[in-house]
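In what comes next, subunit A is part of two complexes: it sits with subunit B in the first one and with subunit C in the second one.
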Partner chain A sequence: MLLYALRRLLYLVPVAFGVSLLVFALVHLAPGDPISAIVPPDAPHEVDDKLKEYYGFDKPLPVQYFRWLAVTLTGDLGTSIGTGRPVAAEVASAFGNTIILAIAATLFAFSLAVFLGTSAAYAKSRIVDRLVTMISLMGVSVPHFWLAIVLVIVFSVEMGVLPPMGIGPENSTGWRLDWPHLKHMILPTIALSVIPLGVVTRTVRSTVKETLSMEFVTALQAKGMRDDQILRHVLKNAAPTCLAVMGLQAGNLIGGSILIETVFAWPGTGFLLNSAIFRRDLPILQGTTLVLAGFFMLLNLTVDIIQTMVDPRIKRG
Partner chain B sequence: MAIQSPTVDIAAALVRPTVASASRGYWPSVGRRLRRDPVTLICAGVLLLVVLSSIAAPLLGLADPYKTSMIRRLYPLGSPSHLLGTDELGRDMFARLIYGGRLSLFMGVMPVLCALLIGGALGITAGFVGGKVNMAIMRVMDVFYAFPSVLLAISLSGAMGAGTENTLLSLTLVFIPPICRVSESVTTQVRGFDFVDAARASGASALTIVRVHVLGNVLGPILVYATSLISVAIILAAGLSFLGLGVKPPEPEWGLMLNTLRQAIYVNPVLAALPGVMIFITSICFNLMSDGLRAAMDVKA
Partner chain C sequence: MSELLQVRDLHVKFVTPDRTVNAVNGVSFDVKRGETLGILGESGSGKSVTLRSILRLHPEHRTRWGGSIKLEGDEVLTMGKSALSDLRGQRVAMIFQEPATAFDPVFTIGHQIAETVRRHTGKGEADSWSRARELLEMVRIPSPAQRLKAYPHEMSGGMRQRAMIALALSCNPALLLADEPTTALDATVQIQVLLLIRELQREFNVGVIFVTHDIGVAVEVSDRIGVMYAGKIVELAPVEQMVDAPRHPYSRGLLASTVHDGMRGQRLEAIPGAPPDLAEVPTGCSFAPRCKFVQPNCIVRPPDLREMGGSHLVRCVLADVQEAGVAA
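Let's turn to the complex of A and B:
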């Protein structure tokens, strides 16, 4: 087991190298050079050159890459061009807010998905099954940023019961566990959870249904086991597949939150990324992308290892 | 988004071990099954309507979607001169929604098509050649898989700047890896069948084997998978425009319209939600059609 985890971690090294290359390339995909955003167009060439030298943009690309990599590995993600603050600090504070929202949406989506999926698989009547299939189809088809707007229209504009944006009441400095802050979380959480809800419901339904048709279930029934005890066996067998899909969805949720955070002005990484794009703040863009991709990789690794741990049938050779 | 669902499982379920000669009766039977599937037929009809009306938009006698009018801003739905009201600059909403389909559909379908060509070619090559080539191609794809797809699309578009071409480019890049992965795993399975060995033993060149024996068996599953990506692509493209990273104003496009109409949610909320309804309808239809196609092609003959 430990050996497997180590090997997976080792395998992550070349991928991480590729990711760093891609993130580094982001800055050079940008039209013009990276500092043109901060230098007024009529500035003398000396200023331009000085800044290029200061940021190291005058060196050849491979040199720039390895210098950037060396600095990045120490945890220094550079300085924001827009605010002059270190990128690492900006990303760290935003990342916390994103994670809070992501955890809430994940919990909500997964518990609901397990309930819906299981009841659809168990349903004797076609109506329940159809309804759940319908819900999961809606979940994967709805543009979630549009749903966010609709939620704001219904609950904030029309009914006025929930706040339309922000992380907490005015003059709130950060997230706290109290009712006013939780109230601000409700709408973004729902909007963020629709996609994973759709995908996971679909998976749970098909996996549970498949497990139910297995012979051991018939054997347990023949043995006279109570239904709720059989359910436990079924869920245990369906868990690994569902877990894998859930893990992927949890990771994708963090990417998807960019749009939701923008709609709700939620001060997370997505909001940061979006504002960085419009200020042409490339260090922030680069830093945020790197941190999110790194997190996504680790999450996938964790899910993979957990899956191997809970499912003895998987033999990784 | 759903594009990182367990693609390999889907691919495995889709492969049918059929030989090249048996596929003569296959497509007609798929067509027969599709004709008996009312849901798929209705969705295809709706999509056809949306596609045709957006293509033929200039011929429909609609109002000018670019003509602004400061005194006619944000007319409600059902106004006599403007059936679906007017937007924040007084442009006719009905015309803009119809015209909007042109860019929105294009931006959803085009990247998937491009990715299908590139990713499919890469995946089939990787699966057929195997060994080091497979290793090289698939490890590069793994790098792209290390990003959540939405993040990758937004970061790429954000770095390259707004614009239709840049959006197309970044979306294509996002969809190449999943298509490549499915193509690779399907091809690897087909390569293991006896008829491939038989063809090789009879002296067929690699290219002939791919063209005659492999392509016919892998194209179906790959196509089905690609159609399931179209709805994701439409939502993602609209999302990019919504963030201001895709189509630039004043072009009519559903995502962009959602963005610019956000300021109107206190004045005319129903109007502000309309473009999203169009995205929702097309995306649902593409999803249902993809499901129908999968069901029609998946059955073991």
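Let's turn to the complex of A and C:
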């Protein structure tokens, strides 16, 4: 098992190399010049050139890439053009905030999805099944940023029970586990979890339903197992598929929360990316994308490992 | 020998919004302790449905039952849910056709046997595992201690079926239901598994109902054979009488359609036609459309089951005439 994990980790190296190349290339392929964003249009050419030289933009692209890669590998992601602070520090704090939100949304979406999907698969009445299908369909189709705005209007503006934005009370310096901070998490968590909730509910429903029609379930009944004992068997069989889908969704939560974080002014990577795009802050853009991509790879690896642990039929060879 | 199981006029109907299937239409038989009843029939004859009805394994909301199934005097068809689940696996156990799909793929064999033992005996974790080991030894699985930790896909078909037999016998059932247990196996493994079932049956004095479409297998294992056609038992007789003197035209046809020694060069006899659609309740004898000896009153009303002496039962109007041998 450990050997398998190590080998899978090794396979990540070429993938990581590819990712770094893409991250570097994408930013340079994008239109617009980062220097022109911080330099006033009427500044003399010398200033422009001097800044280009300072940031290394005057060198050929391959040189820029390897210089960037070498520096990046030491953990130095460069300096933000917008704020002048180290990118690593900016990304780290933003990433932490995003992870907190993503974990909350993942847990919420996954547990609710397992409950709803299993109920629908077991349901003898068509009404329950239809209702769950409707909920999951809505989860997938309702634009989550729109839902976020509606939530703010209803719960913050009209009812005034939950804070509309920010990570915590006004003078808060970072996230902490207490009620004032948790209160700020409720609305973004709900808004963020609707898509995974919809997708995973459908997966759970169909996987559990398929498992229930298998012969071994009849065999379990034939040996006198109680319904809750049979449910345990069914869920363990359905788990690998559902975990794989949830893993992908969790990855999307990390990367795809740009809109939600912007609506709720949540200081995460999405919020950071958003402002970096508008400021043409290349180092931030590169650093954030790189960290997100790395996290995505690790997440997929983790899901794969959990799958092989749950399902003995997946070969570890 | 006392009556272990009494099935009387069993009817099983599957109802879905689109259609109704009359799978079993009035089946009656008894099984004694230590006896093997073979139920022979082609696909769709209702033999497996009959067998599964004894454990009420059909989906409750789509199945309509009629008649009575009594196990040692207890009525199975009206039994409460918890009493039924106590009975399943403990007093009546089942061996499935496909051991590859009847075991849960993500739990070890040992876990699946041990959980059954725990469910019915109240044994602890350690005791149930040592009982599972004992059972694997009993069905002669080599190195049982290691096999306990094996997953179903890590075993061969024959080994899996042995493990299935071990599982079925784990709580000393009085009645064992075998649903074509050798159909999915190689010919050589088939015989080993058949012998094992027969041996264990004698050792523990269990009643066995053995469902199969293979006449050779049925003759090999059974004390009595019941032949099913279109949801009815058309003939029920001790195995020697069934082999030597089948009375029902369908049984005759079945026995004539097997290949045995000294038949080289001869034409194999087949029964013309196909089994009837079970969507409607038949008005006459279900076999009449395919029968060589069909009579006018065969189509008017279903023939009764007639006692022919020596506990030989036949559902045919010509039963006594055929004694003379109307083979022509």
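The working rule: the second predicted complex is superposed on the first by the 311 of 317 C-alpha atoms of A that agree within 3 Å, B and C clash if a C-alpha of one lies under 4 Å from a C-alpha of the other, contacts with A are read in each partner's own complex, and residues count from 1 in each chain.
Rule of thumb we're sticking to: a contact is a pair of C-beta atoms (placed from the backbone, for glycine too) under 8 Å apart; a residue touches a chain by one contact, two chains touch by 3 or more.
Fair warning: this is a prediction, and the values are worked out from it, not measured in the lab.
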Query raised in the report: Looking at subunit A, does subunit C or subunit B touch more of its residues?
Result: B
Report task. State whether A:R226 touches subunit B only (first), subunit C only (second), both chains, or neither. Result -> second
Report task. Once the structures are superposed on A, label A:E158 by its partner contacts, choosing first (subunit B), second (subunit C), both or neither. Result -> first
Query raised in the report: What is the contact status of A:L22 with respect to subunit B (first) and subunit C (second): first, second, both, or neither?
Result: first
Query raised in the report: Is A:F216 touching the first partner subunit B, the second partner subunit C, both, or neither of them?
Result: second
Report task. Give one of first, second, both or neither to describe whether A:N237 is in contact with subunit B, with subunit C, with both, or with none. Result -> second
Query raised in the report: Touch check for A:V71: first (subunit B), second (subunit C), both, or neither?
Result: neither
Report task. Note which residues of subunit C are touching subunit A in the complex, please. Result -> 55, 57, 61, 85-90, 93-94, 96, 98, 101-107, 115-116, 119-120, 151, 153, 167-168
**Report entry** Residues on subunit A engaged by subunit C in the complex (per definition of touch)
**Finding:** 124, 214-216, 218-226, 229, 233, 236-237, 310-313
Query - subunit A-touching residues of subunit B, taken from the complex the two chains share - result: 1-2, 4-6, 139-140, 142-144, 146-152, 154-156, 158-161, 231, 235, 238-239, 242-245, 255, 258, 262, 265-266, 269, 272-273, 275-276, 279-280, 283-284, 287-288
Report summary line: subunit A contacts subunit B in the complex at 14-16, 18-19, 21-22, 26-27, 29-31, 137-138, 140-147, 149-150, 152-153, 157-158, 195, 198-199, 203, 241, 244-245, 248, 251-252, 254-256, 258-259, 262-263, 273-274, 276-278, 282, 285, 289, 292-293, 296-297, 300
